[in-house]
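Chains here go by letter, A, B, C, D, E and F, matching the order in which they are written, and residues are numbered from 1 within each.
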Amino acid sequence: MPYINIKVTDEGVTNEQKQALIKGATELVVDVLNKSPQTTFVVIDEVNTDNWGIGFDQVTELRRQASTTPAGKS
Amino acid sequence: MPYINIKVTDEGVTNEQKQALIKGATELVVDVLNKSPQTTFVVIDEVNTDNWGIGFDQVTELRRQASTTPAGKS
Amino acid sequence: MPYINIKVTDEGVTNEQKQALIKGATELVVDVLNKSPQTTFVVIDEVNTDNWGIGFDQVTELRRQASTTPAGKS
Amino acid sequence: MPYINIKVTDEGVTNEQKQALIKGATELVVDVLNKSPQTTFVVIDEVNTDNWGIGFDQVTELRRQASTTPAGKS
Amino acid sequence: MPYINIKVTDEGVTNEQKQALIKGATELVVDVLNKSPQTTFVVIDEVNTDNWGIGFDQVTELRRQASTTPAGKS
Amino acid sequence: MPYINIKVTDEGVTNEQKQALIKGATELVVDVLNKSPQTTFVVIDEVNTDNWGIGFDQVTELRRQASTTPAGKS
């Protein structure tokens, strides 16, 4: 009876990506723990980049900085 | 000092239903555990049906399938 | 498909009380929102009183103070 | 690698306040626990006052009552 | 910068299974959303079967019933 | 009425550190948002290093690697 919560920033997650996250997370607990998919919940929270911080800064600010410099993904 | 979080899909929960959830959840911990209502928090999260999965599928898809077949509640 | 999380301090919650919380919380969403009990999860977290704070203080300390003065419930 | 979640009611939290919450919460775990800010996440959830209850009532109702009586902060 | 929380019942999850959950959940957000693994957190909560309810009952009770009848997985 | 949840690995957090986290997190929302400390909850979750992953690996493994190489904090 797993419950899986995936929190990501709200940067244009598409419906196809949501379906892939739900399918993949469910398969993970089915494969690894032999759980039933019928009692596996996946909940995706999309968090505004103003409301997510890392390293003292809002993600909004980190994205702004990254757009003006060569940057990796995050 | 209980904290109660109720996550449901965002399918038209009315204000009266929210009041009933808050009142009922608070009464539950007051009755069962003798907690003080003044330090009991109830937080309701309404989750988009695209963002909630069960049995590999989005609830949005499950609702669509249910609307075309005889279906139970969920 | 509700998910209900009840956080309380770990002050001797009995198995009967846990059953009552699970039953009562499930009935609440069944009655108020017409949800199916078969897809309603209730998860109870028991938190050590050292790890729960209110009004700047650990609950452990609040309990200690309350035991030496006339006190209400919480 | 701390993860800090701050839930508040959605009563006009400004961007400057969000920055201050992220900065302050990160500094707290850096100062107290010697954690690295680069692996410290802060996520702020703004909850509608209809969806937050305390003492049996929605915060929306508590705010309405407070606006018609001499009231403290909360 | 995803944060993934996996809640399962505490029924003998092995260290290898925990590694597989962490690896699989991280790969999922890397593959689907192109996130960086270095800023992807996975937190596994193991919940006592007395503290998890579904369909009005504790999982402890559901397991006991299942052990005396032909049963599926969950 | 803020609710603040601080998740950290269970690597010997002392009672004094817990008090400092509770005090500091409460002061933060009092100072930044003018909230009442009497309705501010802080809950600290200590997570086993086997159950926390970052960059595909358990923190347990990262700590083991760090102990055999020059390492930063995290």
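What we mean here is this: a contact is a pair of C-beta atoms (placed from the backbone, for glycine too) under 8 Å apart; a residue touches a chain by one contact, two chains touch by 3 or more.
Chain identities (UniProt): A, B, C, D, E, F = Tautomerase.
As the structure is a computational prediction, the values presented were derived from the model and not from experiment.
Path length between chain C and chain D in the touching-chain graph (shortest route): 2. By residue number, more than half of the contact pairs of A-B reappear in one of the listed pairs D-E, B-F or E-F, namely E-F.
Residue numbering shows that chain A and chain B use the same positions for less than half of their mutual interface. One simple way to say how far apart two chains are is to compare their mean CA positions; for chain B and chain C this gives 17 Å.
For the pair chain A and chain D, the distance between mean C-alpha positions equals 22 Å. Shared contact sites, meaning residues of chain B that touch two or more other chains, fall at 1, 3, 7, 21, 25, 38-39, 41, 43, 52, 54. Chain contacts in this assembly follow no simple pattern; the graph is neither a line, a ring, a star nor complete. Chains touching one another form the pairs A-B, A-C, A-D, A-E, B-C, B-D, B-F, C-E, C-F, D-E, D-F, E-F.
By the touch criterion given at the top, residues 1-9, 13, 17, 20-21, 24-25, 28-29, 31-36, 38-39, 52, 54, 59, 72-74 of chain F touch chain D in their complex. Across the interface of their complex, chain B is touched by residues 1, 3, 39, 41, 43 of chain F.
Chain B contributes residues 7, 47, 50-58 to its touches with chain A in the complex. Those residues of chain C whose C-beta lies close enough to touch chain E in the complex are 15, 18-19, 21-23, 25-27, 37-46.
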